[in-house]
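Letters A, B, C, D, E, F, G, H, I and J mark the chains in the order given here, with residues in each chain numbered from 1 onward.
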Amino acid sequence: MNKVEMHHLIMAAKARKGFSWDDLSAAVGKAPVWLASVCYGMNSAPQEVAAHLCEVLELDAEVATAMTAYPVKGWDQAIPQDPLIYRLYEVVGVYGPTLKDVIQEKFGDGIMSAIDFSMHVEKIEDPKGDRVLLTLNGKFLPYRSW
Amino acid sequence: MNKVEMHHLIMAAKARKGFSWDDLSAAVGKAPVWLASVCYGMNSAPQEVAAHLCEVLELDAEVATAMTAYPVKGWDQAIPQDPLIYRLYEVVGVYGPTLKDVIQEKFGDGIMSAIDFSMHVEKIEDPKGDRVLLTLNGKFLPYRSW
Amino acid sequence: MNKVEMHHLIMAAKARKGFSWDDLSAAVGKAPVWLASVCYGMNSAPQEVAAHLCEVLELDAEVATAMTAYPVKGWDQAIPQDPLIYRLYEVVGVYGPTLKDVIQEKFGDGIMSAIDFSMHVEKIEDPKGDRVLLTLNGKFLPYRSW
Amino acid sequence: MNKVEMHHLIMAAKARKGFSWDDLSAAVGKAPVWLASVCYGMNSAPQEVAAHLCEVLELDAEVATAMTAYPVKGWDQAIPQDPLIYRLYEVVGVYGPTLKDVIQEKFGDGIMSAIDFSMHVEKIEDPKGDRVLLTLNGKFLPYRSW
Amino acid sequence: MNKVEMHHLIMAAKARKGFSWDDLSAAVGKAPVWLASVCYGMNSAPQEVAAHLCEVLELDAEVATAMTAYPVKGWDQAIPQDPLIYRLYEVVGVYGPTLKDVIQEKFGDGIMSAIDFSMHVEKIEDPKGDRVLLTLNGKFLPYRSW
Amino acid sequence: MNKVEMHHLIMAAKARKGFSWDDLSAAVGKAPVWLASVCYGMNSAPQEVAAHLCEVLELDAEVATAMTAYPVKGWDQAIPQDPLIYRLYEVVGVYGPTLKDVIQEKFGDGIMSAIDFSMHVEKIEDPKGDRVLLTLNGKFLPYRSW
Amino acid sequence: MNKVEMHHLIMAAKARKGFSWDDLSAAVGKAPVWLASVCYGMNSAPQEVAAHLCEVLELDAEVATAMTAYPVKGWDQAIPQDPLIYRLYEVVGVYGPTLKDVIQEKFGDGIMSAIDFSMHVEKIEDPKGDRVLLTLNGKFLPYRSW
Amino acid sequence: MNKVEMHHLIMAAKARKGFSWDDLSAAVGKAPVWLASVCYGMNSAPQEVAAHLCEVLELDAEVATAMTAYPVKGWDQAIPQDPLIYRLYEVVGVYGPTLKDVIQEKFGDGIMSAIDFSMHVEKIEDPKGDRVLLTLNGKFLPYRSW
Amino acid sequence: MNKVEMHHLIMAAKARKGFSWDDLSAAVGKAPVWLASVCYGMNSAPQEVAAHLCEVLELDAEVATAMTAYPVKGWDQAIPQDPLIYRLYEVVGVYGPTLKDVIQEKFGDGIMSAIDFSMHVEKIEDPKGDRVLLTLNGKFLPYRSW
Amino acid sequence: MNKVEMHHLIMAAKARKGFSWDDLSAAVGKAPVWLASVCYGMNSAPQEVAAHLCEVLELDAEVATAMTAYPVKGWDQAIPQDPLIYRLYEVVGVYGPTLKDVIQEKFGDGIMSAIDFSMHVEKIEDPKGDRVLLTLNGKFLPYRSW
């Protein structure tokens, strides 16, 4: 079973059972964004997490096996088109050099890892319109000489 | 004076005076990321903020005028190459559909605004390697029918 | 049922029944452009609108369910080729900077939302050749400092 | 004098005199969007309009001559990056096939001209946030057999 | 039936019957290039022409219906590769600015329509090698101010 | 002197003297499109034509020398943006496979040369709107086996 | 039968019979490169050559018919990736302007035809490593004025 | 002195002295294509060849030094536009897979080197039109296992 | 059997038997990277190696035949997206000109062959985090004059 | 002083003094590839290394300051064209998925860092042709769940 098929089976089971990502997160003890990324085929899960999730969703062991496979990460559109995703791309374009300057002034020459990394989404209720709070937390990796 | 010239004058003055973005932020009462984005020519500043910053940096009024001009936002590389910026692009590519799902499950059909928006960088000290904490806060805009 | 299949079922039923977008608009009480965009899979419909349309077109509840799903928006061609759509792209290319200047002079630094947004098509009869009147109405979103 | 130089001279004079596009429109009797597009080098002006505008802005006859030259229309970015212009591009992408269907159902097989064409921007004040009203008016051109 | 299937059925029937485009043109009273473009799915035919052609080719009414559908025009290759088509693209590249100058000097600021348009192919016999004569005839559309 | 400088000197002299391409064509005995293409730096002229044109325009011999140089042909935009040129590109896109079929049915497997080639522009006056008549005449080159 | 299916049938028969391109070349009296290009669907064969090859390979007449069809030439990759083909692309990139100069100095302003053209591959044995000798022979086509 | 300046100085001296590539080839004892490629900045020359050529062209030692520098090879257009060069690109596109098959059938799995490589241009006079003979000679490099 | 099918059969057998690339390498006496590249369809294997591997994996002779076929090498993404592969691409981008200078200073004008080439992966255990050691070994090919 | 100017000054001084990268490496105690990458503007040097190198090359302190600035890394060509660099790109394309599989089988799901990274070039003398040995050494970064 490949990651695409796995994704469809998980999404169907999730809908059938009426679980939200928060529900599944609570059930297996991992953050919603990471868990969703596994279910979208973009991360691999440890064996026990995969097994636990399949139990919760009443899915075959084959699905759990597909969840543990190391994914080939990729995306279809170099410039994303869906407005929700494009806005994030726009933020990287508009603020990229700014962030580079602010981060490197604080940390020195290096980067923020996208591998040793976590991300969270929160909802901030606001009478003038609710707000999305997105938190990215990545290890700083300094360039080094040799 | 265009935004490019303005940028060079500000960066030179900032270096000459030895100010960090945090110093300037404290001086004019605006967040470092926003302030840096103005100085990179990617946002316009209200008249009084521009004037205040030019005073702090001992720059001409012409620089303040350039800071208040409405910018044409843009970026040179559809796919950024500098590793620090690329990693953010990679995050959008790898986690884009995941974030769309998690956000829309929480908020309904809509997007996170990149206009009614703020962003912060923090340093989390960690003996295993310091971490970069990036916070994005955008208004949720629901799609609406008509 | 995905949005593509939904689209084909709706278009077939609409042709079979001989309804125009104006007819469907009158039947369910929503504007023709928005309604058509839902049927093309580019917007999600509220439950009651979807149900109503399926009733009018004598389509299964499954189609209504597909209509309420949140779409992933996208388009195949970065530069559209069909002449009707290309002309609109050309207008954006030729008049983009002009519109930016005229709008921002009237409203300040900010953008016209494509989310809090509506659009209408009208036919203006004219003996020298009928004219298409296209109206776009979007909320102005000011950039803000933080 | 080429169109780029002409553009800079007009913009400088307009700023110096404190005129808005509406002021200039009232002065020379042409719509603000068209007039701005001429000043951005994207349309040619009739001799008398060019002369009139240069009189109002106290600019040399050479500028008027540049205004009457037939422009080579073009734009730098196949996919625009400035958020205000990108949102219009996004509208074309998201609603292009919808508009094709709605327009051709009303008018038959053909296109809306981008040459025999006019466009207006209006501000609609609204306590929940002002709105931009964009009106495009183009002649319908039917495909014909031969 | 979509345009692709229609195209294959027409081409097969045309080959089976041994008709040339000139034969079909004579039979239905329309020019060969236009008729072929309809059969390639790039133009829509009036009902009576479609019916007539299907009679001549002994094809089902369903094919005629497909011929009357309004096409979505498009092409696979932004830069065509087949040598016959590439040479035409090369002509547009090499002579484009020249033609713009020559046409606009004769007609004023405007374009040659590709919608109100016709095209013909003729063979000019020549002992040094036959020549292809391609004639394009398009309405001149002047830009207008507003 | 390179072709760009040559082009600017010729265009300036042509404007100063008030000659049209037809005037220059009549003066040196070559077709307007070809002559203009030489002046745009896209073809080389025989020595005597170059000399003759420079005499008519009162230009230095250096310009004539530049006119005889073999050009490197090229164009800036793979997909042209100016509407007049784009419409020709669109014709190649929409009608390319149609033309291939019609031409090859008449001539056999081969192409229409863009080298052994000529082109003319004519104005057809018409009360419903003047028309542009574009004629392309290219040698047919058959593919051959070996 | 299309060219793709034709190609697979020929390649299978050729392998089954153990023929090389040289064997087939000798059998039907045409050069190996041209013959292979026909079998790859990139050239059309005269009726008698197609028939002869199908006889040699014991293939159906339908394959011969497909061999005589006029191909639509094309290639998948604007920049080829297979190293053998890329090296040829690299030669065109590195030596293109050099060849233009050397050829045009010898022949005048014009091109080497890729239509009235032949190509051969030879093996030159060499103790330091065998060498590939590739010969391209194309008619020189002079640009002409009109 | 960089390769661009070197190129212009050599081309100017060559024109001034009225030498052809064949003349220079005879003078320094290297093939015309290789020599021209050095002068176009695409290959480096051994010290003595560079010195000899500069003597023949009466150029400074600095030019000879620039000729011996190792070049960074590159080309501006991934898909060349000048017709003479495009035709070679087209040959690679149309015949690439054919050549791969014919060469590898003769030599085994491997490639023809573009480094251990030579190329020649010859003119074949022909009453029906002269022909260009292009010869590429490259070492065969077999893939090897490890 | 094509290379894609071959790849899937080998990967399935390898997983079923629980062999690592090191195990297979030891079994057939070839390096793991080369062996894996053959199984990914990117290199051809000598007959005896293919047969040996199929024996070890208990696969049909047809798989061995597919392993010996000369592959068409290619990759889907000009700019790879999977982070592991992108990092290697980034190394080529960031260090490409540096490596060119260092290599050519040591070896003269020429390149490192990617054909007469081998590659190895080693794991270096390190308490601060294990390290990947990648070794590339390619024959130096000097440019030569002719 | 920006990195481009710094690069030119260093390269000129290095040539003037006749130092190789190995000489400079020995002088300042850092590896040649890293040192060269600093001089190409692709890495920043610690203050003392920069000062030391400028002393060795007799360059101004301003050059040392430029060497310590944090660079914006980038490259001009998404697909490199110089043959030496292209071959490395080709290796990434051809062997990318192979390396991913071999590395991840050895290390688990993760990547090889291009930041915590070093690289060396060695010359292996060989009577059949010298060989380039390229060694890449990067920290393995495991993906982690959260």
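Rule of thumb we're sticking to: contacts are C-beta pairs under 8 Å (C-beta built on N, C-alpha and C of every residue); 3 or more make two chains touch, one makes a residue touch a chain.
Since we're looking at a predicted model, the values are computed, not measured.
A.B. asks: Fewest touch steps from chain B to chain H?
C.D. replies: The distance in steps between these two chains is 2.
A.B. asks: Considering only chains that satisfy the touch condition with chain D, which of them also satisfy it with chain G?
C.D. replies: In this structure, the chains that contact chain G and also chain D are E, F.
A.B. asks: Using mean C-alpha positions as chain centres, tell me how far chain A is from chain F in Å, no decimals.
C.D. replies: About 56 Å, centre to centre.
A.B. asks: Once you find the CA centre of chain B and the CA centre of chain F, what distance in Å lies between them?
C.D. replies: Using C-alpha averages as centres, the distance is 50 Å.
A.B. asks: What whole-number Å value describes the gap between the mean CA coordinates of chain D and chain F?
C.D. replies: The answer is 31 Å.
A.B. asks: Can you list the chain G residues in contact with two or more other chains?
C.D. replies: Residues 72-75, 78-79, 81-83, 90, 93-94, 97, 100, 104, 110-111, 113-117, 141.
A.B. asks: If two chains touch, include that pair; go through all of them.
C.D. replies: So, checking each combination of chains, I get A-B, A-C, A-D, A-I, A-J, B-C, B-D, B-I, B-J, C-D, C-E, C-F, D-E, D-F, E-F, E-G, E-H, F-G, F-H, G-H, G-I, G-J, H-I, H-J, I-J as the touching pairs.
A.B. asks: Considering the complex alone, what residue numbers of chain J touch chain H?
C.D. replies: 77, 79, 81-83
A.B. asks: Of all residues in chain E, which touch chain C in the complex?
C.D. replies: The contact residues of chain E facing chain C are 72-75, 78, 114-115.
A.B. asks: Which residues, counting only chain H, touch chain E once they are in their complex?
C.D. replies: 79, 81, 83, 86, 90, 93-94
A.B. asks: Which of the residues in chain A end up touching chain B in this complex?
C.D. replies: 20-21, 32-33, 36-37, 40, 42, 73-75, 78-80, 82-85, 87-107, 110-114, 116-117, 119, 121, 123-124, 126, 129-141
A.B. asks: Mind pulling up the chain I residues that touch chain H in the complex?
C.D. replies: Residues of chain I touching chain H: 30-31, 34, 38, 43-46, 49, 70, 72, 97, 100, 104, 109-111, 113, 115-116, 118, 141-146.
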